[in-house]
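In the part that follows, the structures are each spelled out as structure tokens.
Next, two complexes with chain A in common: one pairs it with chain B, the other with chain C.
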Partner chain A sequence: MANRVAIVAVSQNAGAESKDNFYDQAYRVVKDALDKAGMSREEIHTVVSASSDIFHGGISCANAYYWESSAAFLKPGSRQDGESLFALAYAAMRIMTGKHDTALVVGLCKGSENPENDTCTHMFTDPFYQREVGLNETVAAALQMRLYMERFGVTHEQCARVAVKNLGNALRNPYAHKKGIYTIEEVLDSKRVIDPLTAMQIAPKSEGIIALVLASENKAKKLTDKPVWLKGYSSSLDTFNFGDRDLLNGQLKNAASRAYKMAGITNPRKEVDLAEITEPYAFQELLWCEDLGFCERGDGGKFIDSGATQREGALPVNASGGVLANNPYVSRGLQRAVEAFLQIRGEAGEHQVGKKVRTALAHGTHGFAGQCHAVAILGI
Partner chain B sequence: MAKEFRTLLTEIKLPYELAYGATWTKFFEGMKEKKIYGTKCSRCGRILVPARTFCPRCFVDTDEWVEVSPQGTVLTWSYANYRYFGMPMDPPFISALIKLDGSDVGFLHIVAGFDLDDFEVVRQTVKTGMRVKAVWEDERKGHIMDIRHFEPL
Partner chain C sequence: MGRPVAIIGVGQTKHGRRMDVSYPDLVREAVLRVFEDTGLTPDDIDGVVSGTMPSMMEGVALTHFYFADAMQAVGKPILKTETCGSTGVSIAHTAFYWVASGMADIVLAVGHEKMNEGDSQATMTTVCEPFYQRHFVAGAPGAFSMQSRVWMDNFGIPEDKVRDAAAYISKTHHDSAFDNPYAHVKLRVTIDDVKNSKIITYPIRLLDVCPNSDGACAVIFASEEAVRKLGRKKVAWVKGIGFRGEEYYFGDSDKAVWQSAIQAAKEAYDQAGINDPRKDLDVAEVYNPFTFQEMMFYECFGFCGFGEAPDLVLKGIFARDGQLPCDPSGGTLCSNPIGATGLIRVAEAALQVMDKAGDHQIPGARTALGHAMGGADQFNGIMIVGSEM
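Right after this comes the complex of A and B.
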């Protein structure tokens, strides 16, 4: 890409409930990111926040909570709703105009304060046709999962293995909310919340304030000797009406192929070293791996069985524990970018993968059964 | 759980009045008469249910009203047995995407009419590909729940 943009510093907080209020918590994370970048508030030129104000916050004026906490006071900033990775692209574009040298991206979600995930996602439905018949994100996922399993012969065990892997990986991630060593049987025997999904295959409700400092090429080289470049990005958004969509042929393929093209990637299986994927429901990691071109259509189950996506596998997926371990609903896509950044820099601590990560993929999804997808390619 | 610092319990309750517009009004008036209306897109040929003013794929006006069958085929289903604040009906319930005969998209509704409390019964009864038909409420208000549920044929 011309006018290259780098991520130079990141910060995040832990997913479990914090005693801090939203306002102070956002400040601490943003302050930490600026400290890591060695920057003052004045050196940040523009700010883009990713938030969902009423449903995931309980207040309609988000500025009240986190505009000043986001170092954005008096700056030419903007707020973005929906998939939080959009905010990364938006901030990068502001730098690419040449008018800004630095940008701060802040994802804001204090899940512990919010109603249950589905109380919120139920409100995402239209009240004429879909809300009264009970649609929400989990119902939609369960409908998609049955279709996926029946169409391709993917097994319950293969879906459950995603939860076993990710909750196990999360043991090494101090920020993860849910973690532990479980068996496939334990995952399948957890409460049948909404068949075919069991409780342990559904992401929790977590906290996640995320801050990333972005800089232009010249500025980035002054700020750090380890810039992580945004090499490609795209998104794609499917139609709203749930029954109109082909749930097994969604928009991630489009988003990914456009991002790969921008990044010059022709063979993602070989050229992507690690992926952080948004999988609020376990089986979705398998389906998204197919859409991302990591394996053939219908082979997501075999792909996880092969061990390739394990932390020490050929293509680690969600070495952090992913969204099953940590689900700050609004900022979970940006958290994937933070994790990709840390792995590329070799700064992921105990969950750092063994292989060298030169190129990493961050994926976010918003809406039901993957209505909207965004893919960012980061690299050195 | 006792907390080290205080928390504030708060709630937002706001009334909205949303317009149906011409197309959706006609659809819901049809429901009162036990009719399920779709509209046809002349460009892609799909019959969209519920009725739409325009085809979101082709981005042209739909130009023909079509009454579709109250019978159809289950494309996929799920069995919800949990609760959350704001849930519109008591669990357990079965959500299903149903392809109504004479239409080209899935219609989201619920499947019932048998013992839902026993999941084994449900698993024996409900299958992808099964045929179902709409069961209408006696008193219909022009609402999506004028169809009480779909039941196995």
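Right after this comes the complex of A and C.
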């Protein structure tokens, strides 16, 4: 990358429902990130936020509402919709041009003021065909899960193991919304929501205000001894009509291969030390691990059985508890980047993994069965 | 500033009440036109920037999903930029940064709106939070009529003069729209027609207000290297960009000396090396959903002093044959598919400096400004393009 971009400080709020109003939450998280970077608002050159009007408490043009409380008052700025990792990439581009030295990235989604996630995701459908049949993200995921199990022989137990692992990891993450020690049986016996998905295999609806301070190489070296570099990034979008898609052969491979190329990664299994993956449905962690090249096609079930993705495994996945533990729909991708940053810096507290993390992957996805994916590679 | 970036082609739909096409087909129409205009194919595109208005206006949320195929974006990296009414210019900014950063060589920017299938003014009211402001804001005209009163009072401009100047703007833009094949409203109006048209929110009358349009716009941005490789001569180089947002609560800021507009323009001028915009710019495509507001933009952008715009309008300074022609396309006043509108302003500016604006070409235009405004009078974005790198 010509002009390198670093993340120098991050902040996030807790995922559980909060009585604090949106403004207070946004202000506190942004202020905390700036304090950690040792910067004043005046030193931030540009602000790129991520939010979605459909996930914004009944207020349209979400960026209008929080513009000032997210430090963007009379600053050059913009907003990304849908996937918060887009905002990370766009802010980095702004710095790479040399026009800006520093940037603030903010993801904002206050789940407690929204209807159920699927009331919102239902609105991703076109109004003529797919909306009538009641398609939403969970229905789409259930269809994808059924196909995944049938084609590759992945078992219910293997899918449930993701929830056991992630909710267990979340016990060590003070920001996690859902957490606990559960057995595979308990996960499988939880309420059947849409067959074959049970309640504990589905991510909750959480609060998520996330802030990251980005800086150019020169500026980053002045701000911190431990800059974390954005080494690679890409995204990819799939076709719209659900029935036209091959749900087991989606766009994540595309996004990942471009991000790996940019980061100079040829063997992700060896070169990626840790991954934070957006898995709003437990089985998706297995499928996305395959797409990311961490294991062979169809081996996602065996991969988790091997223990590799455990917190002390060879390639820890979602040591934070992932999205099953914390799901602020829009900002969940950016939260993965925050967790990757903390692990690389050795600042993840009780959920810090045992191995040294030099390169970490943050993945975001939104839409039905992963219609859109984004992948960011962070490293020292 | 990064690598030099140019606009190499634009595609617009025929804007209007387009009940003949579905929303995806409307988007497809603009996208196919930009490929036709540039001779490129979807394989040449490294990334796609999409954007529109809030989901309540669309009836579909996260519209990049719905339009993935229409935008020829399947398998492509994507960014989804939305900043309310200023979305179109923000989309252009995103495409610019993407190429200027070196992350992509050729980027397709797409903005779109199908307003006749939604309720734009109801949506606009929900931009305001539900407790205080929402009760007071009667859609966009409510906010803009208050703003026009503040401006007149602030600078002591006689209402009659403002009324005459606004009517002049309305008449001349409606005339210009006849020279723009893509414009929505094609209506011959007289000054008296405007002054006697139905009151919407005093002092704003029907012919002071933009229509609800269906429309889409697609623009391709390319790096210097790509421009050279493709052997393009007539391109529009991006010379400067600016964006600012201000207070959310409408009453908290001065909407006459309007900081987001002033500072966005200043940022773009500084980058483009423009000192005297009235002289240095050859054309301006100012976002003008309301005639009164267009004059406020002239002042905030430094085309003239504060309080002076109505006099200069009546002297023809901003007319098609004036010193700084504004909105020779007919502007937002004659076509307003909101999510596309800002990008149309940039596209029209680019057409002017590429000498491809057809019947509404300003002869010899070399530097042009495109602008959009959004939120409850909260955001302003600008892009300046020029014929020379």
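To be clear about the criterion, the second predicted complex is superposed on the first by the 374 of 380 C-alpha atoms of A that agree within 3 Å, B and C clash if a C-alpha of one lies under 4 Å from a C-alpha of the other, contacts with A are read in each partner's own complex, and residues count from 1 in each chain.
As a working rule, a contact is a pair of C-beta atoms (placed from the backbone, for glycine too) under 8 Å apart; a residue touches a chain by one contact, two chains touch by 3 or more.
Quick caveat: nothing in here was measured; it's all calculated off a predicted structure.
Undergrad: Who does A:239 touch here: chain B (first), chain C (second), both, or neither?
TA: Touch status of A:239: both partners.
Undergrad: Looking only at chain A, is it chain B or chain C that touches more of its residues?
TA: Tallying touched residues of chain A, the top partner is C.
Undergrad: With the two complexes superposed on chain A, say which partner A:58 touches: chain B (first), chain C (second), both, or neither.
TA: Both partners, chain B and chain C.
Undergrad: Just chain B (first), just chain C (second), both, or neither: which does A:127 touch?
TA: Both: A:127 reaches chain B and chain C.
Undergrad: In the superposed arrangement, which partner chain does A:42 touch: chain B (first), chain C (second), both, or neither?
TA: Neither partner.
Undergrad: Mind working out whether A:350 is in touch with chain B, chain C, both or neither, as first, second, both or neither?
TA: So A:350 meets neither chain B nor chain C here.
Undergrad: Contact-wise, after the overlay, does A:143 reach chain B, chain C, both or neither (first, second, both, neither)?
TA: The first partner, chain B, only.
Undergrad: Can A:225 be said to touch chain B (first), chain C (second), both, or neither?
TA: In the superposition, A:225 contacts neither chain B nor chain C.
Undergrad: For A:98, decide between first (touching chain B), second (touching chain C), both and neither.
TA: So A:98 only meets chain C here.
Undergrad: For chain A, what residues appear in both contact lists, the one with chain B and the one with chain C?
TA: On chain A, the residues that contact chain B in one structure and chain C in the other are 54, 58, 60, 123, 127, 239-241.
Undergrad: Inside the complex, what are the residues of chain A that reach chain C?
TA: Its residues touching chain C are 1-3, 52-54, 58-61, 63-68, 72-83, 86, 89-90, 92-94, 96-99, 120, 123-127, 233-241, 251, 254-255, 258, 366-368, 371-372.
Undergrad: Any idea which chain B residues touch chain A in the complex?
TA: 3-5, 7, 10, 12, 18, 20, 24, 28, 48-50, 52, 56-57, 75-82, 84-89, 93, 95-97, 105-110, 119, 122-123, 128, 143-145
Undergrad: So in the complex, which bits of chain A are touching chain B?
TA: Per the touch definition, chain A meets chain B at residues 19, 54, 58, 60, 113, 115-116, 118-119, 122-123, 127-136, 138-139, 142-147, 150, 191-197, 239-244, 247.
Undergrad: In the complex, go through chain C and note every residue touching chain A.
TA: Per the stated touch rule, the residues are 1-3, 48, 51, 53-57, 59-62, 64-69, 73-84, 90, 93-94, 97-98, 100-103, 123-124, 126-130, 242-248, 259-260, 263, 267, 271, 374-376, 378-379.
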